[in-house]
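The chains carry the letters A, B, C and D, assigned in the order they are written, with residues numbered from 1 in each.
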Amino acid sequence: MVIMTRAGMPRARVDALRERIERRGLRTHVVYRDTRTVVACAGDASGADVDAWRADPDVESVASWSRPYRLVSRDAAGSSHTTPIRIGSAPDAVVGGAALVMIAGPCSVERLDLLRDAACGVRRGGATALRGGAFKPRTSPYAFQGMGVEGLELLAQVRRETGLPVVTEVMDTRHVDVVAEYADVLQVGARNMQNYALLAELGRIGRPVLLKRGLAAPISEFLLAAEHIMARGNADVILCERGIRTFETSTRFTLDIAAIPVLRRETHLPVIVDPSHAAGDAALVPALSFAAIAAGADGLMVEVHAQPELSKSDREQALTLTEFDALMRAATPIAAAIGRRMPAARPAQMMPAAHGAI
Amino acid sequence: MVIMTRAGMPRARVDALRERIERRGLRTHVVYRDTRTVVACAGDASGADVDAWRADPDVESVASWSRPYRLVSRDAAGSSHTTPIRIGSAPDAVVGGAALVMIAGPCSVERLDLLRDAACGVRRGGATALRGGAFKPRTSPYAFQGMGVEGLELLAQVRRETGLPVVTEVMDTRHVDVVAEYADVLQVGARNMQNYALLAELGRIGRPVLLKRGLAAPISEFLLAAEHIMARGNADVILCERGIRTFETSTRFTLDIAAIPVLRRETHLPVIVDPSHAAGDAALVPALSFAAIAAGADGLMVEVHAQPELSKSDREQALTLTEFDALMRAATPIAAAIGRRMPAARPAQMMPAAHGAI
Amino acid sequence: MVIMTRAGMPRARVDALRERIERRGLRTHVVYRDTRTVVACAGDASGADVDAWRADPDVESVASWSRPYRLVSRDAAGSSHTTPIRIGSAPDAVVGGAALVMIAGPCSVERLDLLRDAACGVRRGGATALRGGAFKPRTSPYAFQGMGVEGLELLAQVRRETGLPVVTEVMDTRHVDVVAEYADVLQVGARNMQNYALLAELGRIGRPVLLKRGLAAPISEFLLAAEHIMARGNADVILCERGIRTFETSTRFTLDIAAIPVLRRETHLPVIVDPSHAAGDAALVPALSFAAIAAGADGLMVEVHAQPELSKSDREQALTLTEFDALMRAATPIAAAIGRRMPAARPAQMMPAAHGAI
Amino acid sequence: MVIMTRAGMPRARVDALRERIERRGLRTHVVYRDTRTVVACAGDASGADVDAWRADPDVESVASWSRPYRLVSRDAAGSSHTTPIRIGSAPDAVVGGAALVMIAGPCSVERLDLLRDAACGVRRGGATALRGGAFKPRTSPYAFQGMGVEGLELLAQVRRETGLPVVTEVMDTRHVDVVAEYADVLQVGARNMQNYALLAELGRIGRPVLLKRGLAAPISEFLLAAEHIMARGNADVILCERGIRTFETSTRFTLDIAAIPVLRRETHLPVIVDPSHAAGDAALVPALSFAAIAAGADGLMVEVHAQPELSKSDREQALTLTEFDALMRAATPIAAAIGRRMPAARPAQMMPAAHGAI
């Protein structure tokens, strides 16, 4: 059962409603919104219950559901719109708005100068946010595991210099607080999509979460992973399709392009696409990016490196700055063709605040 | 070893070259082209052989290869262009040209009136060719298996009426001749992609073949299936990505959108996409179509039915004529955005010849 | 609806029943058995129909079904036993009996002496039947495609010499008759599992068919492929699990060991396993063979070559004769542990008839 | 490079060797063993380095490697034997010894009486260890998430009563210490196989880890996940094949039976199989168990519930105690057939210590 409150109800009154529900033996999961608050109830709500709550003066509408996910479902939003999620202060820094978001940057944070070059370059090309890994999940324990907190500090410094919000991965429940301190968006990697302890922890923070689809996750489990975060109270979940594991080996993973319209139908959460990890090959990134935009994605997350040949990880899949610029230009008419727009390129010089920070 | 002859060599001289090669113990596979003829040689060509043939006065260039496919490979084409394949007499009836091809029509041929309505409708909307199954591969032996030759006759009649070339499936080596008599393009279904007896037979006919990717076929096996056709002498193979089998069940198959740029890199053959069978759901067809166009496909093959609710097979995935028109309109700016164009819509009235034929 | 006739009804009376059913607008598929004949009816049989036919004096029982396959289903057999299928004249030459069947031999027929050595060797080791490909499906058109009819003749000669029944693949509807003339069991390869034209043709012959599971075929589609053969009148279908295509690359395919008990539950048809093609590596064949026997398979089909290093195809996966002997010995107590037995090893010398034939 | 020290070297001397290696710019990962210690070195060891270390008086042998995993590889063990891992004090409580291990119990710990009934029952039937989840990974946030520490306490109590060592899952780096306090073996679930933060933490504890294969993990990534644990110093890793995600839906996952011989070849670590989660259906568990034993697994982990109908999770896949007894009896001759044995059933009465504890 999902209960939507009347518009503009004060928080105290929502809490009172919640208590009334819980006294009936149901567990509640509340997502406070500026306009209407949503209460998802777990337990066995009978048809009689549904009718009873519909009659409650504080309740706008009540929906029962047939799907295992609730808060993430389109029904729970009570609208055909995507829920916009703000990830930075710039006008276009909203995932799910008219402008697509472009999250770009190196696979891993390695050196301040390279990170700064990448950030300035992608900002100039029109990127909305900077990506970069400080904690890196690596299949081999002998590979570079990331710079850790030191990497977070470099990201923060480059954010001060460029104004770009920062998206970075968190892999350990014990790091959630420190990453949330530095990052604007916390990313959950594909291999941690069903790390439920981590999802629960991210449900308690006040920052957007970018959740990547697991390599073997059907859409329904992907949505349930998002539900794990929302059920703990964090409504700002951005979904990211990044390829699934199949028998095909000419690409690293198989980008499930149909996931975009399927997710659009099932959920009100915004959906972006990571063509770089799906392909594992920079040469394929433009075609996959164009496809994702045409299929209705709310944005892209692409790997861009100022000097790919110096990268310690995944260098084959990183675009150069020149290639990123070309991608942005080529994507512009495609976005327009489907009624969206690319984020605007910004002047090359740094912002005053950034200069002061150096 | 792939040998490309000098430009404009007469056929007799090509044949003489071929004999010289075969006398050296190599088997040859010749694809005659208007400009340069290509001879692929199987057997153990040594490095010395390669050098010797390079010195032959009739030989333009010689390539050895590391990949298992030869005639289909981009190297064999000696150019970065897609080989255009004509499928009808209208100016835009070329797969791999500036205009995308739209092959549209019902899953199976069932009744003349419905087929005619579908054909007239898609022609008006801009379709390049008519699809429709006379021989239907069905997982159940109790399902409708198609009308057979009677269905081919209905297709031929509607072709006379509308001028649309006909694309239809062949499933049995014994039917190749009769299908080739009626059809403009012979389609090999996904489940027959590795029916090598059928591929060999299709290599001997003078009609283009539309080869669908097998459900479990890596790109390399898909290309080798095309090679089976080309190695028998038929150079006109159109590749069709139609989704692969994965664990995901929210769609019927998983459209491998990356197959488009990968095939583009590997082969000179044109590539189209079937979003209808991939999705198994008409509501998802537009998004997949847009994605395919943006990713660089040379065309689409979509199921359209004049009255989907009357269809005996796959009715959930067929577009109505209204939906087809909307798809064509919405796709127009996307095609333009990547430098292609949709085929032009044609006037509603029938052609004089068609009127006469009724 | 599946109708089982009363025991021992003469054929004419079965045909009369069939006519009565067809006059009610249903299509029928009849499998004549010595004891009870089964009639599967396609069309829309109402609940009233089912009751009416139950009252018919010639009808023993009527079942409706929820699954798409009928004749192959365990319900249609009216028993919990596997339907035994005889593949040769020797006492143990029955698939689905107390003794397991061992079908062994080279991947492809290449030379009489090698084939004879393999056949004599596997016969001595206890093989029930000889396998060997005369028509070979090959991913590359440039690979050895088999000896064709000449290969069938070598198989027939070695059968005369050794008394071993012959299992060989058919790939083309036009070859069904000639292969049926030479072979005791006709094999359908994984890539042709949904070659419905071929299945239909095999439904009309009087020889057992060994149907291999397709690389991307769910169990339900595998059973429907068998249903295609049975619905045409051939009740002798042997199912063969041979690995499915997955992301794992350390083996050529992934042997779906659970298919054995699942098929046992769903169908009355016997089930064997091909560990050689699943693994693609002779070193893994023993472990997979033991697993298949322990899981309840009715037999194995393994590649054995007298001199694997001379094999033109799949040489990595062929056992030597010594390895085959070791496999048979090691499998003996495993078969005993689950209440089955291995076929008995036979004396090394040739049979008189064979000597005469040389 | 993997360096194996001479036999019986004292720890201080190993540490001195390690320092010498690190001074050459290589990182080291040491696994102390009673007999020979193994030092894996990461970094760029040249051929000259390898030769130099071979000459070191404390070094027995030096291997370089072509595979990405090192400590887990069979080469690193310097032997063809499986490394036995003790999981309890009873003679047969060793994974990788002559007796197979049977880890049995309920999916989740729910009530003391049910857990005790299950434990006593499986102990009587011959189980080596008790499994039971206190922290449960659940796809839905609204499903029962386990009893947490309270569940660990119930497990500890039942261990006191029955003497069975306890295997239980850990999902959060913050819980590693508390779970290690209660459990004899810490289990990593399939969905956490690449939760590298968790693997690193488990590398630092002094308890065996049971690592389940990820749903989309190729064998190579499975071994690298084990390498993550070993590289931190914990050499006691038990691998568990539990099915991979494929297109087949008649079982919950596809048990990759070939993983057993492949892992046997690649690694010295013991390998067990979980047929319950692979099948998702208790009726299939016996056949999969027999197959796993025949293929060479070192043991099984099966779900057994005293009253499956009362289970809060995965009730369809739990065996009853009667079914477990039947499984143990039926498996006995299969184990014998391959030269292993089942653990012996123990008398029904509780041990004195257990009685005292109640």
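FYI, a contact is a pair of C-beta atoms (placed from the backbone, for glycine too) under 8 Å apart; a residue touches a chain by one contact, two chains touch by 3 or more.
For clarity, every value in this text was computed on a predicted model and none was experimentally measured.
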Inset, instruction - Please give the intersection of the contact partners of chain B with those of chain D. - result: A, C
Legend entry - Winner on C-beta contact pairs when A-C is weighed against B-C: B-C
Legend entry - Gap in Å, rounded to a whole number, between the CA centres of chain C and chain B: 35
Legend entry - Distance between the centres, which are taken as Cα means, of chain C and chain A, whole angstrom: 51
Inset, instruction - List the centre-to-centre spacing of chain A and chain B in whole Å, with centres computed as mean CA coordinates. - result: 39
Inset, instruction - Would you pick out the residues of chain C that each touch at least 2 other chains? - result: 216, 244-247, 249
Legend entry - Contact set on chain D toward chain B in their complex: 245-247, 249
Legend entry - Contact set on chain B toward chain A in their complex: 216, 218-220, 244, 246-251, 254-262, 264-265, 278-279, 283-284, 287-288, 290-296, 330, 333-334, 336-338
Legend entry - Complex contacts: residues of chain B adjacent to chain C: 27, 29, 42, 68-70, 137-142, 145, 171-175, 191-192, 194-198, 214-216, 221, 224-225, 227-228, 231-232, 244-245
